[in-house]
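The same chain A turns up in both complexes below, where it pairs with chain B and then with chain C.
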Partner chain A sequence: MAVIRDVMPAFELFQPATTDDALALLAKYGSDAWVLAGGLDSFDWLKDRIKRPKVVVDMSQASGLRGIKEVNGGLEIGAMTTLTEVVRHPLVKEHFSLLAEGAELAASPQIRNQGTIGGNVSQDTRCWYYRSGWKCYRAGGNICFADTPTAINREHAILDADRCVAVNPSDSAPALIALDAQMVIRGPGGERVVNAQDYFVGPDINIMRMTVLKPNELLTAIRIPGTWGGAKFYFEKIRDRQVWDFPLVNVAAAMKVSGGKIDQIRIAVNGVAARPLRLTAVESAVIGKPADAATGEMAGKIAIQGAVALRFNAYKIPLLRNLVKRAIGGVQEAAWKS
Partner chain B sequence: MEIIEFARSPWGQDVPIHISFTLIWVCGIAGLAFLIGHAIYVKFMAKPEEFEVTPPELAAKVPEKIARHSLVSRLFHWVMAAAMFTLLFTAFLPKVGFPFAWVTYHWMAGLVLTASILFHLIHANFFLDPWAIWPDKTDIEDAKRRLLRARGEAVPAPRKFAKYPMENKMYHMIIVLTGLSVTITGFFMMFRVSTPFFTRNPYLFGDMTWGWMYVLHGLAGVGLIALIMAHVYFAIRPEKFAMTKSMVFGSIDREHFLEHHDPKRWVVTESSK
Partner chain C sequence: MAEMKNPEETTKTLSRRDLIKGVIAAGAVSSAGYLFRASGVRAQQPSAAGSVERLVTITVNGQQRRVDVMKQETLATTLRYKLGLTGTKLGCDRAECGACTVLIDDVPHYSCSVLTQSVRARKVVSIEGLASADGKLHPMQQGVVEEQGFQCAFCMSGFIMSAVGFLKVNPKPTRTELAHGISGNLCRCQDYDKILTALLKGAENMRRA
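For the complex of A and B:
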């Protein structure tokens, strides 16, 4: 398909200084408006002329949405805080290093300097059929080009697919789910707060969106409660190249262990479904068990239950199994180093 | 406003992909406008219906209760109604802003509808009088008479109805068309999604054929919004309520029969008493 790169079609640009102004613009223009954060996902769409919003609401001037503050032993991270700021923040590093790990493994330093945490969790899938402008289910059509007998689908989903087999590519999302974070959303009706795992939607519920955000809503902040501060963390990401590459599969776990046994755990994975998945069956199965390789093995097997491979992505099943196994069994030894 | 959405296929062909979903609103509003218009017409403008008088000797033979729908027919009707409502809600609620995991419930209800239609075809053709629901010569003549009388022309009064009034017969015809359209296309569309019955095969047809199939499914689907609205509206209108009750209890009473039906055209046999 002919694609005109690097020349964006004209749109009206707004740079509101406050969230209220931004919300007023979104209320006025509705689905004609596009929220712009760091632009690393947005500009692809605009330059490729695949998404053609009439209005772009650039949030870079809304300084109220940027920064990290301590709240009741936890953190509140403004949606426009860059990934680099998240990675470098002393409180994140000290108490919630799981997030620092996830965020630091995303993309490249330049992208992290520009990309925001709000944008990272709200980014669209990287399925190339969709991103090349084919009118697939996700683009409002009636077919999935990635799920045909001849499709190239090495990076696609093994779990929870429903007509669309795309995956969510965010590295920060599973870490936030494991940390029991909450997403603060503002819209015309005021503020609503949703749990991180409920922020994301699968294609069974809404095949055209990755999150519960409505066109007139903004993600304003991400709250991380103090509950999991200082727990044992495990983050691992497997990708084709060691920098600048999206995850094939990643795993994030937060665990509280006493006497060698798992007291509490939250574990989430991404790159395997259209939304990051919290593995609640694994969590229930491993509580009270030793955090060792045998428990990890069992957990890995539970994690892949129901997995269905497409033509080229069967490797993701053992990959997911092994990452979950390591997250549980290897958590003691596998401290991540920057 | 566009009625059909098109897209470029990988072969560079412009193919239809489905209806424009604004048609949901168009049909919903059209259905509502029809109900309001009809209710106003009946209340303020319509003249009382005039029929040929039933000869008293024939009327005398009509029993107190006349069976209208067998238990099997009633069961079929309500199973079909449940499937139809499930299909309408699962298809359209997510498209008007209430997202939920609809596809599996949708094709399951679709299979129930298809099975009940197949059952109905066999039951109606082999165990009931299949012609009772199709307009006959008298219906067409009487429809003309009613029209001419409404225009004030002096033509003989129309006869009373056989088992089914003309409107029921017309409605049934439209439902046959839309119902067959959604079920036949819906059955093939099940090859596009994952079901436990057969292996997905998005290449079963070419893009163009698939596209028109989605369009037909959608057009018949939105048409059913207005049709079902009208159906429910007539079912609860006071003058038609006796018929609705007969879909629950199976029979109509003598009074209603004599008011609307012609014992010559709907011969009450022992089995319908």
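For the complex of A and C:
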């Protein structure tokens, strides 16, 4: 439980105006430095004194990293663009509403007004053992406290676990994967671009990090190609409360359908593994099939292949199956919009 | 509070509201002088790009306020303990309740989760900044008074700031839209229905004003 204390422990603060200045600071301070975007993941760590960086590099003044522009029929979204700006942007709404829906369902209005898209995809897991400072695998220890006979693990993983059973909590991540987005990363060696699905890493690759970002690197932008513009989209998030709560499971799909048959599809889910998963087996199984309930039924069964329940999260298996089924077969949902 | 001296008011018995107003007017420091004591202005940083100073000027409720701010200080701390603007409440300090909501450049933010250093060039409005200088309540506040929307009202300033911010984007919301707009605020007394009625009344007042 969060405890209100007076103020956070002291740190040195820098507010660089440019990416270059920020990179220079990260190079100088190395592992002592912490990148701060909107801070809505970061402040918990700092307030709870679980992470004690000596230096905080606050990107809030780097105005070049904020904003959305059209590039070749697609979009380039600066990493410091807030979720609200993403949700309200006319081009996002018109061509890539899948992302607008995912971002709109994250957290609360005030959090979306401040939390950035770059921070949303780079945020750490919410496993409370880890976030309370227990020295588990992810914190460099040699045990997982969420995977013991008495552990409370209702929110944890059903797929691809490897020692750590934490999940990625981002609502924008599966939408970006379904849109074939690319992550633009800058580091001391220059720029590299990785596909959204490869931006995230599971414990098999690196048990202590959620993404491929190195400590001296910055995510500068997210590019969305024109490919899926105006496709048939489906986003659904299941959570306990309709505000604030992280996804128990979410699903994002982009489909091109002609003559009632699925021509092309991307489908990704989150909240079920340590990284958002693109369901390639589902994709190849449904191509050429009608976008109907029967295909959805089949897709749902494929999605849960290999799923393993922990003590309290078995419900996630039918939940995942049903969300995938609905994403493909469709459902008349009354969305809560404003 | 005893250290607070506002010459015009010493003869009167101060109501809580007068006290707050006095503090704002005098720019005095209220309940947390201790935060100041530990924090003398340090020598200038060696000029690394992006380094910040502790003595900053921020625009709060239309006034330029010069204030000594720690690097790790949140806006809620600055408002409440350095500027005496205690209308902004701290419920959770974790972006989970909304009691601390203020407007930054007209947009609602949780002030418990904003570094004061990051609002230097921006305009902050807290609940104290809504009423006009002559004390006339903001139409939203008036709506809340008319409908008696709250019980203990600890959550009230946050709700009002959220609503005022939301109405700048959507001045004529339906009840459902407003509910969504202010969904980042919790009420422990759980009187959401009356709160919504009151805030809708406030929205109506604002359109008429």
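In this text, the second predicted complex is superposed on the first by the 324 of 338 C-alpha atoms of A that agree within 3 Å, B and C clash if a C-alpha of one lies under 4 Å from a C-alpha of the other, contacts with A are read in each partner's own complex, and residues count from 1 in each chain.
One rule holds for everything that comes next: a contact is a pair of C-beta atoms (placed from the backbone, for glycine too) under 8 Å apart; a residue touches a chain by one contact, two chains touch by 3 or more.
Note that the structure is a prediction, hence the values are computed from the model and not measured.
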item	value
Which partner reaches more residues of chain A (counting touched residues only), chain B or chain C	C
First (chain B), second (chain C), both or neither touched by A:T148	first
Touched partner set for A:L159, first chain B, second chain C, both or neither	neither
Touching partner for A:W244 - first (chain B), second (chain C), both, neither	second
Contacts of A:Q110 with chain B and chain C, given as first, second, both or neither	second
Chain B versus chain C as contact partner of A:F11, first or second or both or neither	second
Partner chain(s) touched by A:A178 [first = chain B, second = chain C, both, neither]	neither
Touched partner set for A:L218, first chain B, second chain C, both or neither	neither
Chain C-contacting residues of chain A that also contact chain B	none
For the chain B and chain A complex, residues of the former touching the latter	5, 7-8, 10, 17-18, 94, 99-101, 103, 192-194, 200, 202-203, 207, 210-211, 214
Touch list for chain A against partner chain C, complex	2, 4-18, 21-22, 24-25, 28, 36, 39-40, 43-44, 46-47, 56-58, 60-61, 84, 107-111, 113-114, 242-244, 336-338
Residues of chain A that touch chain B when the two form their complex	1, 134-135, 140-145, 147-149, 161-163, 201, 204-206
Contact set on chain C toward chain A in their complex	35, 48-52, 70-74, 77, 90, 92-96, 98, 101, 107-110, 113-115, 117-118, 162, 166, 170, 173, 176-177, 180-184
